[in-house]
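To start, I am sharing the structure in question, which I have written as structure tokens.
Chain nomenclature is as follows: A, B, C and D, assigned in order of appearance, with residue numbering initiated at 1 for each chain independently.
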Amino acid sequence: MTTTYTPSELLICLASRVMEDGTTAFIGTGIPMLAASLAQSMHAPNLVPIFEFGGTGAILEKLPLAVGDMRTFNKAVAASGICDVMETAQRGFVEFGFLGGAQIDCYGNINSTVIGDHARPKVRLPGSGGANDVGSSCWRTIAIMRHDKRRFVNKLDFLTTPGYLTGPGAREAAGLAAGTGPYRVVTNLCVMGYDKKSCRMKLLSLNPGMTVQEVIDNTSFELLMAEEITRNEPPTPEELRILREKVDPDGLYR
Amino acid sequence: MSQNLKNIPVVAEGEAPLIQPVDMESFREHNRKKSKTLISKMMTEEEAVDRFVKDGDYIGFELYGTVRCPVSLTRALVRSGKKDFRIAGQGVYEIDLLLAMDLVREIDFTYIGLEVYGVSELLRRRVESGSVRRIVEWSNAGISWRFKAASMGVPFIPTRCMLGTDTFNKSSAVAIECPFSGQKVALLPALVLDVGFIHVNRADIYGNCQIDGISGFAFEMARASKNLIISAEEIVDTSEIRKHPGRTIIPYYLVDALIKAPFGSWPGEMTGLYERDEPHYRMFIESQKDPETVDRYMKEWVLDLPDHQALLDKIGKNRLDEITLKK
Amino acid sequence: MSQNLKNIPVVAEGEAPLIQPVDMESFREHNRKKSKTLISKMMTEEEAVDRFVKDGDYIGFELYGTVRCPVSLTRALVRSGKKDFRIAGQGVYEIDLLLAMDLVREIDFTYIGLEVYGVSELLRRRVESGSVRRIVEWSNAGISWRFKAASMGVPFIPTRCMLGTDTFNKSSAVAIECPFSGQKVALLPALVLDVGFIHVNRADIYGNCQIDGISGFAFEMARASKNLIISAEEIVDTSEIRKHPGRTIIPYYLVDALIKAPFGSWPGEMTGLYERDEPHYRMFIESQKDPETVDRYMKEWVLDLPDHQALLDKIGKNRLDEITLKK
Amino acid sequence: MTTTYTPSELLICLASRVMEDGTTAFIGTGIPMLAASLAQSMHAPNLVPIFEFGGTGAILEKLPLAVGDMRTFNKAVAASGICDVMETAQRGFVEFGFLGGAQIDCYGNINSTVIGDHARPKVRLPGSGGANDVGSSCWRTIAIMRHDKRRFVNKLDFLTTPGYLTGPGAREAAGLAAGTGPYRVVTNLCVMGYDKKSCRMKLLSLNPGMTVQEVIDNTSFELLMAEEITRNEPPTPEELRILREKVDPDGLYR
């Protein structure tokens, strides 16, 4: 058993640790699937994974490859459809939701639609998918991003998925459910949260080997700082063992 | 009726015109004329596309290319030469086949991509060049709820999603103040398809269908389609359907054409039957990167094949056995 | 966002105030707090009613007294002494038990009667005397669609029913012009129950439920209930549920209390298990005609029985065998 | 085999004959159930019975006692729920619907809610149930009523279920689906339809032994008359045989 680990493995462990036992989490393709599976084996045996096309409460024995595949409802408690699941979130039953994208701003708004102008885009991206629904309905969303200035931007080219929109009170003013919003951003450099008052992104803790300056240098907007910036523990031997032996034995995400 | 009727404030409006107009009366008229008699709907993919699809139609697919998807029908559609489609776009692989042949003009868009493999280069090429002329944005649930409105026979449905975003601004949704609670909600217009394509686990010859596991948005889309074309892994006797009427997700009277298509979802997976053909899928993704290689892929795997059986022969029994789930 | 936002015309308004206010935010907060952990919800009818029902609560039952109905729970509710309920009234027999004890103050009404046997005399007495203080009218689908709105987490849902009638005028619905099509539709306010009661074929101890045959409005009402009390004919191992997750109509996290109640729908029927007890039902209908005889009926068949087992003992094994369906 | 028959049997046969093969019909409790079952055995083997709580396309081997009971989905093609079925009607899939009630007016509007004032009724009736939905969504509705002046009234105490409302164009003006409305009224005296232009009730045909005057005497409003008023055939021996041997062998509706 070695204590070296890949950047992906670190991201998976950090995302996994954010989720709480006895809660529900909307799981998207890729890292969130591994994070949820790891969490189920570690601190959150009662974490309920929910997949947008209908799988609820699956036992994640094999890593799903897609949000609609058979593994998303493996020995699940329910297998329904996208409307039922999204309405369950709209009714307030889903605590956590994972998001990714091409750009994020200081309020946690995310772009996964276009770079450039919408009518004549420089780059056409895959679009919202379920992201807008997750960002609208889940109580707390967790963004997983690669950290650089082109992604952590002052102004999004397109606001696909709502974070805190223009700041305090803006979600509620737009009609989004009270008490919901961005919660954490997990990157290859650090973990960030949001300032309660201003709703702006705030550095909470640094990944092993990273510095505050590195985070600042890779962020286009002004980042708030927690009073005490802590260190994220590297993946523990136990986390790595479960990840490599149980969650992803084929090493797809190594 | 009260005398002092207050109007309902519209608080925001998406700027996109509707790609498919909302006309529940003509939908009702169409549905009235559909046969309610138990007659066989069995035909080939080619016949179904020939009879029920026209140039310029608004079409949709369920679920999506790598999961329980009517891909044998999609190939027949591509081969048919019909074109200029408007589509409801949630798609992985199956929409790419249409984009590869430049058959798509307008998209009610939610997600077209390659899941964990990222962005569709075919989508990029067709959108960035302007050959897809218009894209209207929605959330994933938003599109499904639009089908749900149509399936209910009502012209719109409310949601609390999409509010406050460019996704809303570039949609055709309307946000209002709820007359009962004062809260703001987005109204999504009903989406009626000219043609819907759905792949199911089993059906009887009349088109009574069962799906195993998750049902995606099959329930809603089947009921939102003027013409509904179903492919099924297996055709069963109608007595099997009548034994468990609670499992019928699509009743026969919705169905216009039914195709027996074992491995109809290939290279996608099918619950309980086979896994997705990952090497083939990756080969397709690789081919996407260059217009020439994707043309070769389309020629080899779609255009040069006369029908679904020819595809199965080409894949070969050995490979099909490999992806078949062991009981 | 456009600048010239047109208001949406309200074309008619029902005159009744809402019996249950529309508050989706507090519904969300409530749902957030419900346990998501797999813990046993098993308890007795008495404990469930004691813990989850308060005087004045807004309650609902599904399906209805002669068909898959939580009647053992209804009896426990009547015996509990709790009172002054507001109800969503579609009912046959089960609502009559509440009316017999004068426990109902307000009704969102669609149908309370005796089906082919006509008018409920208990309903007549309580309404005509004014002891039911308020009745708001809806269609049958209207009430189910109100549950559906709640189940979707939205404050209202549109329909083309109820328009142009006194049913609409004496409801709390609002009719508007659709912003997409110009057609007129009625908006029905979401209906969230304080407590919902549903009887199912089987469940595991956590409350994952399956229903055989038609599902009535169980799907929608389960999702529209703040507190959900389920009775089940049979408790099965959770592995049975996980074998066919597509058949779970009510997932465990919706459920607050679960009661094992064989013959829980008696004198109503239960799909696949037993027929309704027609002679008993007719005896009840006969007893309705006079306040004294109905009091005797309530004493003998509800109030004097401590629990569901005592009822089963009273009915007797012979009679239960007679109504049991032969395989 | 006798050719005498009961008033119920006549009503059942008349209602049965109205339904057409290869169509769908919303079936309520009582006479419509027997009429549909008889029609399936006679001229309409492809009649699809639809019951409001979810049964579609049942084979009516045993007479249902209730619109939700097991017999309503006996060997059915689908068993869903009330929303699905009512939405199917709302989408235009259901041709015929049956209605009953305490009062009907000349436009086919029906009252099944109250006699007297709504707030303080003289008689509280069972309410709309699915009747309003059937009357709103089905293409053609068939009312089955006992024929007397107290039931065929000038003004309803309460308009539960829409007929033609106030006359031509009124349904569409209220927002009800175009092309829908009352089609036939079957009573113990006669069968009536509606005048295309005025939407008013019109006598079409008389039951055996009945006269026009009897119908007029038992109707409070002015009834229009068809150019030629025909005679309804009494139940045929074949109808009676099927009714008594197959549809209702226990004689519940004799």
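Quick note on the criterion: a contact is a pair of C-beta atoms (placed from the backbone, for glycine too) under 8 Å apart; a residue touches a chain by one contact, two chains touch by 3 or more.
Just so it is clear, the model here is predicted, and its values are computed rather than measured.
**Student:** Need the graph distance between chain A and chain D over the touch network, please.
**Tutor:** Between chain A and chain D, the shortest chain-hopping route counts 2.
**Student:** Show which chains lie in contact with chain B and also with chain D.
**Tutor:** Looking at chain D and chain B together, the chains touching each of them are C.
**Student:** From the C-alpha centre of chain B to that of chain C, how far is it in Å?
**Tutor:** Roughly 36 Å, centre to centre.
**Student:** What is the distance, in whole Å, between the centres of chain A and chain B, each centre taken as the mean of its C-alpha atoms?
**Tutor:** About 28 Å separates the centre of chain A from that of chain B.
**Student:** Chain A to chain C: how many Å between their CA centres?
**Tutor:** 39
**Student:** Provide the list of chain D residues touching at least two other chains, using ranges where the numbers run on.
**Tutor:** 55, 73, 79-80, 83, 90, 137, 177
**Student:** Can you list the residues of chain B that touch 2 or more other chains?
**Tutor:** Those would be 11, 24-25, 152-154, 159-160, 183, 185, 213-215, 245-246.
**Student:** Examine which chains touch each other and state the graph shape they make (line, ring, star, complete, other).
**Tutor:** Chain contacts: none of line, ring, star or complete; other.
**Student:** If we use the touch criterion from the header, which chain pairs count as touching?
**Tutor:** Inter-chain contacts occur between A-B, A-C, B-C, B-D, C-D.
**Student:** Which residues of chain A touch chain C in the complex?
**Tutor:** Residue positions touching the partner: 21-24, 46, 48, 55-57, 59, 73, 75-80, 83, 87-93, 95, 137, 139, 177-179.
**Student:** Going by the contact rule set out above, which residues of chain C touch chain D in the complex?
**Tutor:** Within the complex, chain C touches chain D at residues 11, 63-64, 66-68, 89-90, 92, 109-116, 118-120, 123-124, 127-128, 130, 135, 137-142, 144-145, 148, 159-167, 170, 175, 183-186, 213-220, 269, 271-272, 276, 278.
**Student:** In their shared complex, at which residues does chain B touch chain D?
**Tutor:** Listed in rising order, the residues are 24-25, 27-32, 34-38, 150-154, 206, 208, 223, 238-239, 241-243, 245-246, 248, 251-253.
**Student:** For the complex, which residues does chain D have touching chain C?
**Tutor:** That would be residues 29-30, 51-55, 65-70, 72-73, 79-83, 86, 90, 109, 113, 118, 120-133, 136-137, 156, 158-162, 165, 170-171, 173-177 of chain D.
**Student:** Write out the stretch or stretches of chain B touching chain C in their complex.
**Tutor:** Chain B residues touching chain C: 1-2, 5-13, 15, 18, 21-25, 149, 152-160, 169, 172, 174, 176, 178-181, 183, 185, 187, 189-190, 211-215, 245-246.
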